[in-house]
Structure formats: structure tokens, C-alpha cells
Amino acid sequence: MIELQNVTQSYGGSALLTDVSVQFAPGSFHFLTGPSGAGKSTLLKLLYGELRPTRGHVQLFGIASTNMARDQLARTRRRIGVVHQDCRFLDHLSLAENIALPLQIAGQLTPADRQNLADLLVWVGLAHRSDALPAELSGGERQRAALARAVMIDPEVILADEPTGNVDWEMAQRLLQLLIELNKMGKTIVLATHDLNLIRAAKTQVEARVLRIRDRQVQLAGASL
Amino acid sequence: MTSLLDFLRGSQGDGRFVPPSKLTGRLTLAAAAAMSFLAVFALVLTMAAHRQAALWGQTLAGTATVRIASPHEPEQVQAALVILETTTGVNAARILSEDEHAALLAPWLGPDLPLQDLPLPSLIEVELSPDGIDTLGLNLRLQAEVPSATFDDHSRWRAPLIDAAKRMRNLGWAALGLTFATLAVMVALSTQSALASNKQEIDVLHLVGAEDRFIARAFVWRFTGRAVAGALLGTGLGIIATLLLPNDPAAGSFLTALPPNGLGWLVPFLVVPLVAAVAYLATRVTVMRLLKETTL
Amino acid sequence: MTSLLDFLRGSQGDGRFVPPSKLTGRLTLAAAAAMSFLAVFALVLTMAAHRQAALWGQTLAGTATVRIASPHEPEQVQAALVILETTTGVNAARILSEDEHAALLAPWLGPDLPLQDLPLPSLIEVELSPDGIDTLGLNLRLQAEVPSATFDDHSRWRAPLIDAAKRMRNLGWAALGLTFATLAVMVALSTQSALASNKQEIDVLHLVGAEDRFIARAFVWRFTGRAVAGALLGTGLGIIATLLLPNDPAAGSFLTALPPNGLGWLVPFLVVPLVAAVAYLATRVTVMRLLKETTL
Amino acid sequence: MIELQNVTQSYGGSALLTDVSVQFAPGSFHFLTGPSGAGKSTLLKLLYGELRPTRGHVQLFGIASTNMARDQLARTRRRIGVVHQDCRFLDHLSLAENIALPLQIAGQLTPADRQNLADLLVWVGLAHRSDALPAELSGGERQRAALARAVMIDPEVILADEPTGNVDWEMAQRLLQLLIELNKMGKTIVLATHDLNLIRAAKTQVEARVLRIRDRQVQLAGASL
């Protein structure tokens, strides 16, 4: 589905990741962890094509991102839901409109979509804020909105960068529950997080693999968690 | 009407993904309006200069005089008339009556001079066609058949005014050219800069899967709409300003009215499609450049 | 020189807290340049129109004619001369020689007419002072002492050109006024919009404890500097364009040179302080408004 | 030092906080917790004057914020170090310049300040990134930079809004250590967080009070933590 092949990534200076190969199989659930600044966000950006690898290849649904034209990349993004670490929205549209935005761009909103949107807002606890502008949301509310937007387009892959950093433990578990349900429906999930409790909680319910970035390599964390 | 308003607001197509006018967005409208206003004004003045030049050229270039020095020889005058009537470029030729002759000379001779007693030359007033006349050929023919006749196309008097008219016209064009160039630059720049302040929105749209075409269309319509609204506003104000210009030169004076006449009123509206085209191109180029800049 | 460059870059004072020119920032410079260019052009043209009007007025208003209808009465001519010489507003009066007389009449009478045989009126050419003359009083005195004399100030010929000159001058002022108004609007708007795109920076500065004065100073210097740089650029280009204008009207023609002369060259540079003042005010007002908008 | 007196705060709609009175004494250490959207950031904004209370008074060093002119507020801010939940920087200045910004605004940088800056950067693990622009930092690096900027001006009060949401547990403890040291030097600390482990870790080292926002009230959490 998505695959890194001998990827080296650097921002001008020394490399952040060297010769990394990882496969994200359909229906798998991956956690991505590692100290702050290790390159978790960088890895996720490679997975949805915001970055192109300095060396090596990133295969997105069988095509190398380096070979994709911009518009092809844009269309590929409709199959990948992304929660960015800094949640960016269109500041002049309401929360509900922002969450529906990817669908609107891809085509028309069906009544079923509207129902999904309403349900989703209830699940992430934002039903009462659906008319608020992004600037009027709290930090945690923005993160939940970003997750809702990523899920809304019914993507095959969901990449979430620290989606629970600003929410309380109860809400974090609720969001995790949502992702686990989606994974059970066959979606591939990659979740970057610092919260080891969250990873432990997930492991009781789903077969999740934990990837740790260390020494510019992506390692599979063993039973230590 | 609603659809025009929609268009101007940019809500047609994908305009709702474009943030409504911020301070920087209003700039496009204002720049288009201000520059259209100036352009209309320059256009009206250039048109007036053209008409003025034409009027001066006509009034002065349209007539000439043939003077037959030997007085009291009507057959010579008739011969000259025949020659004139068969010359291409001459619309009409007419012997000046004695009263007209007297009026011409009055400033220098006084009104009371007994002209009939004087050995005055006869004068033929020649009305020229605007295509001009072969002065050399006419002079040669006159010299051959009516040696006492002299053709005078008033060029000595005409030259400075023709010069002035020509220069006025040229300056009009220069000013017009400069105004339109500035118009294009300002509309393009303000559109670019307003757009640049929407970089974040462009990024977000791209990140959630919008293709370049989609983004470009959304912004192009919105900004072209704003520029057109500004151009309409500016053109309207410019036309109002034109109407306030002095309209009635004293009858028979050398001056044309300043505002255009008849279909001439349509010309200032050409500013609107021009502004639209400039805004369209500037938006398209800038959006595409901003899109290319994002690696995302 | 370095400090001037510093000033233009805005690095003086607290300029380093202001982000360097983004696309929107360059707009201030470009708008100031484009509008200064147009303003210089309009200014030069208006100055030329003024000189042109003065020239036409002088050439035509500076002379008049007194015609003494009774020929061959030198004492009447002398009496008229005496009256003229004692009239305020008359600089000089001079009897036209026969040759000059002949030259005047040539177009209508031909060069070969034996003028001495004609009962022609005598002509006195009068040179008027620019302060004007009491035409009515002069006419009354002439009528009393030299009944056959007529004073003719050529107003019939002068009127249309005086009209044209006056209108040219007025239009020059109108165009200049409009250009300067647009200049002020565009510089103010572009400064505002560039500033608006720095809203985030203003907020951050305020949040970390900068007082309003500090923030305003940083931005005001930077933006005024940009506008001044633009104005200098535009003025320079405008002056180069002026130098490319036709400079040498045919000697003795009715036209003045277009570029200003002598100290007149300094006038276009007035555009620079004007732009600086507009940019300064626009920046200050906008920064203060943006600051008031933030509740923070 | 800072005191809320019968404060009611609402954003147009229903009130978020009703009739709240809290005192933050000099040298105290407070945690602020509560579910996402409860009003933690709102309360902190009241404490440094970004918001003015709808009703009631917020006393900042003895003067009600409602009575302060903008410039007086700006000067008061130099005595309060704030870590915003969305860390905002001047994007054209380097990390080091951004951290030194409050000092530069208040006056000149002394050599001692430069030494402090270097030490601080080492402590928060950003020494190697000191020349980077804010846009080139990872999420956790931005948070650490924001904390460094807040600490840099040597303020009497430090308000930190979720300063550890994007950093790993080790780094979170390191940052907490820094705040505890500052508290021991007499500074007042208010720290909004969802991370109960962080609160527990702090309680072993310092006498911290935990305030919980619930039902539009600020309550003192008991031994439950």
C-alpha cells in the first residue's frame, strides 16, 4: 500500500533518516514513536508526499511519489486522511464546512455524507461547536477537528501526527477507539505519538506494531512496551 | 443580475473556498478602480485632443486662397476657377464677394475704405478635401495659364497650430500609454499581493486534495471579479468626472467639447475588459507560481 | 550613504523586527514608483501647459493696434501717439513702417500692390504691459482727441487661443490633482495591505511586551523607507521620460519646450516628500488601527 | 500577585467560567487541568491580560487588567512569561533571536543574557537548532522554544499552556525540572496540562496545587491525584 524503499531524508544538513525501508500493509495499525525532533513528522510527510525523499523511493499505492505530478499527488491525497501536527484550516469557513472540505473538493456532498458528518462531530465531542470558526476553537478542539476532517473522506490510509497531544486522557481513548474501529473496517492507520499509555491501551484491543525512530533508523520496538 | 453579482462576489465556481476580502483583498478592487478612473480620464482627454487636432487641421487646412493680382480681369479669374475645379483635392472654389473682402481687410484698413476704387486683387476661396492637394502641380498649372494667380494654402499661419495639435495628440497618446501601463502594473501587483496573503488557504486546499486547476479557478474568478468590480466603479466615476468637465466651448471657437460624442462614449468602457484581462492573467500566473512554490 | 541605505532598508530603529519584503511588501515600493512616475509626468505637462498658456497670452495679449482712418494726417497720428504714451499699461507705441504694413496685407492684397497710392489708414503698433490696460478709458480719450482713431486689442483673434490656453492649464491642474489623489490613495492602500499581511508579527511583538509606540516605529520606518525608495525610483524614471520628450519646438513657433527649465527641474522632486508623508501617515494610522483591533 | 475576583467569562454565548475567585500567591506552583474545551487557555489568557473578564476583576500585580492601558499591559507582560498553546514566533528571525526577542524589546542584551541564552538552549535541547527558522522546527521543538522564550526574560510569573503536549516523557520531565528550579527561586508557576503523570511527578518534588476546571468553576483537586 505505502512503502519506503531505502529512503534517506535530510533537510540540507546531516540526514535525519538513512536508508530506511518500511512497509505499511493494508489494514495494518502502526504506532510511530521516538524523541521530539527524531523525524516522526518528517516520516509521515514522506508517506503522503508533502516531502519527496532525498534518496530512495516512497511508493504510494504502487507509484513512486517522486514520479507523481502535482495533480496526481493531489488526487492520491484523497485516499489518505492526514492529521497534521499543526492543524491548518480555512479560517473563514465554519468547523463543519472545514471538515466537509475534502469531500466538497472531490465532488458533491450526499445526504449520507451529512449524516456521517453529524455522527462524527458527536463522536469527537464537537457537535456543539460545529458553527464555530477555527480561530474560536481550543487547542484540543482543533486536533479533534483535524482528525474528523481526515476521517471524513473515508480514506484507505489514515496518518495522524500527535492527534492526542492536547486532549485529556478520556478524549484520547475515545479518539483511539475511533481509529481502532476504522482499522477493523480495513483501513491502514499510522499514528505518531509520544504517549506510551495510549500505545499500551491500543495494544490490548488491536494488533499494533510500534515503530521507533532511533539513530536515523526506524526500528520495530519489541515487548518493551 | 443575481448571477452577475455572484460572479463579482466570486461565489460562482469554487469561490467559497477563497476567504472573503481582507484588507489586502480590497486593494485589488481599489487599485482597479483608481487606475480605471485615471485611464478613463486620460482616454477622454486623448480623444478630445484628437478631435481638437482634427478641428484645427480642418479649419485651417480645409481652405486656401488664390489671389489674382491683376484687378478687373474677370476672364483670368474664370480661367483660374476652371483650373481649380478640375484639380483633384479641391472640393469647391468660390470668388470672394466684395463684402467678404472688406470684412477680411477691415482690421488693417478700417471698415470705411472704398474698396471698389482700389486696384485690389481678386480672391478665390478654395475649399480643400481632407485628402490634401498637389500644391506643386497646381502652382505649375496656374503659372502656365493664369500667370498673375498665386496659390496660398495658408501654411505659414497653419504651421504652428498644426504643430500644437500634433503635439497635443502625441502627448495624449504618451500619457494614455503610461496610464495604461501603470494600470496594468498596479492591477497585477495588487492582485499578486492580495493573493500572496492567501498562501495559507492555498496550502490547505492543496493538502486536502485539491488539484491545481481547482485552486487556480477558485482564485482567478474571485480576483478577476474584484478587479472588474473595481474597473466598473472607476470607469463610472471617470465618466461622471468627464461629465463635469467644461462641455460648451463658445460657439465658433477653436475648441471642441471635452466629453466624447455619440459612440465615443463607449470607448472608456474598453477599460473594463482590459482590467479584467490583466487581473485574470496576473491571478493565474501568481496562483500557479505560488502553487509551484509549495513542495507539498 | 550607508545610513541612507539603512534608512531605506528600515534597519534604522527597530526595523529588524519587521519581516523583510514579502511579495506584499514590494507592492508599496512598486506602487510608490509607478504613481510617482505618473505624477512627475503630469507635473511636467502641467508646468508646460502653464508656460504655453503664458506664451500665448503674452504673444497675443502683449500687442494691440491703433488704426487712424484718415490717411495722410500725421498730426492725428502724433496726437494718438502722445495719448498712448501717457496711458498706463502701454509699454511702447510705434508707427508701423510702410514695409511692415505691406507685409501685413500681403496675403490679401498681394505683395505688389502700390500701397503709397492707396488711402490706407495709418497703423500704430502698441506694446502692452502685462498688467493690462483700461480699454474703455483709452477709447474715450482717443475719441475725444483723435476721432478717426480706433483701438483694437485683437481680442477677437485672441479669444480662442486664450480660451485654449486657459483650458489647457485647467485640465493640467485637474489631471495633476487626480494623479496626486490617486497617488495618495494607492500608496496608502498598498502600505495598509502590506502591513495587514504582517498582522501576525504585530501580534507576536505585542504579546512579548512591546509597547504600541515601539511597534509603530518599527513598521513606520520600514514602510516609509520603502515608499521613499519607490518614489525616488519613479521620480527618476519620470525625469528620464521627460528628457525623452520633444524638446525643441521650431524657433519662433507658438510652442514652449516641454521639459521644465532651470529651477523648474526641482519641482518634480516634490513628489518624494509627498509620497513619504502619505506613506508615513498611512502606516501610522494602519498600525495603530491593527493594534487597537487586537484585544490582546 | 495575580488574583481572579468573582470572574465570569463568556465568548458571546453561555459563560465558560462563572464567578471564579482564585489567588496565585508569589512562589506558588499551580497545575491547571480539566477536559479539553473546559477553559484552561481562557483562564490563562485572563491571567496575562489577552482577555479581559466579562464580569469581575483580574488583578495583575495589584492593578485590575480592565483598568490597564494597552501600553501598561505590554509592560506588565515583561513580568510574566507565557508559553502559548499555539507557539507564535517571528518567522523571519532565527530561533535564538526569537528567544531573545522579549529582552531586546525591553532593552539591550547583556553578555550575561547571552550566556543564559546559550545555557537555556542546551537545557531544552535546542542548542544545535539555534540558527533554524521557526518554520523549520518540529512540533516539540517549537514548544521548547516557546518555553525558553518565556523563561528568558526572568519573569516573576510563568504561565505555560500545555508546554509538554508534543514532547516525549523524558523531555517533559526535563522541562518540568526547569520549572521546578525556577519555582524554587521564587517564581510563580501556572501550568495547564492534561498529563496526569506530569502532575504526579511534580508532586514528589514540589508543593503543587492542582486546580481543576469543572462545571464552570475552578476547584482544588484533592488527594485523588
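Miscellaneous remarks
Order of writing sets the chain letters: A, B, C and D. Residues in each chain are counted from 1.
Quick note on the criterion: contacts are C-beta pairs under 8 Å (C-beta built on N, C-alpha and C of every residue); 3 or more make two chains touch, one makes a residue touch a chain.
Please read all numbers here as calculations on a predicted model, not as lab measurements.
Common partners of subunit B and subunit C, by the touch rule above, are absent.
Set against the Cα centre of subunit A, the chain with the most distant centre is C. Measuring from the averaged C-alpha position of subunit A to that of subunit B gives a distance of 63 Å. Chain centres here are Cα means. That of subunit A falls 67 Å from that of subunit C. Between the CA-based centres of subunit A and subunit D the separation comes to 29 Å, rounded to the whole angstrom. The set of subunit A residues touching two or more other chains is empty.
Residue positions of subunit B in touch with at least two other chains are not found. In terms of inter-chain touching, the protein chains here make up one closed cycle, each touching precisely two others.
Applying the touch definition to all chain combinations yields A-B, A-D, B-C, C-D.
Partner subunit B is touched in their complex by these residues of subunit C: 22-24, 26-27, 30-31, 34-35, 37-38, 41-42, 45, 65, 67, 69, 101, 104-105, 107-110, 112-114, 118-121, 123, 150, 152, 159-161, 163-164, 167, 170-171, 174-175, 178-179, 182, 185-186, 189-190, 192-194, 196-197, 241, 245-246, 249-250, 253-255, 258.
Subunit D makes touch with subunit C in their complex at residues 49-52, 70-71, 74-75, 77-78, 82, 84, 88-93, 101-102, 105-106, 149, 153. Subunit C makes touch with subunit D in their complex at residues 16-17, 19-20, 200-201, 203-214, 291, 295-296. Those residues of subunit D lying in contact with subunit A across their complex are 11, 33-37, 40-41, 85-86, 125, 129, 136, 138-141, 144, 161-162, 165-171, 194, 196-197.
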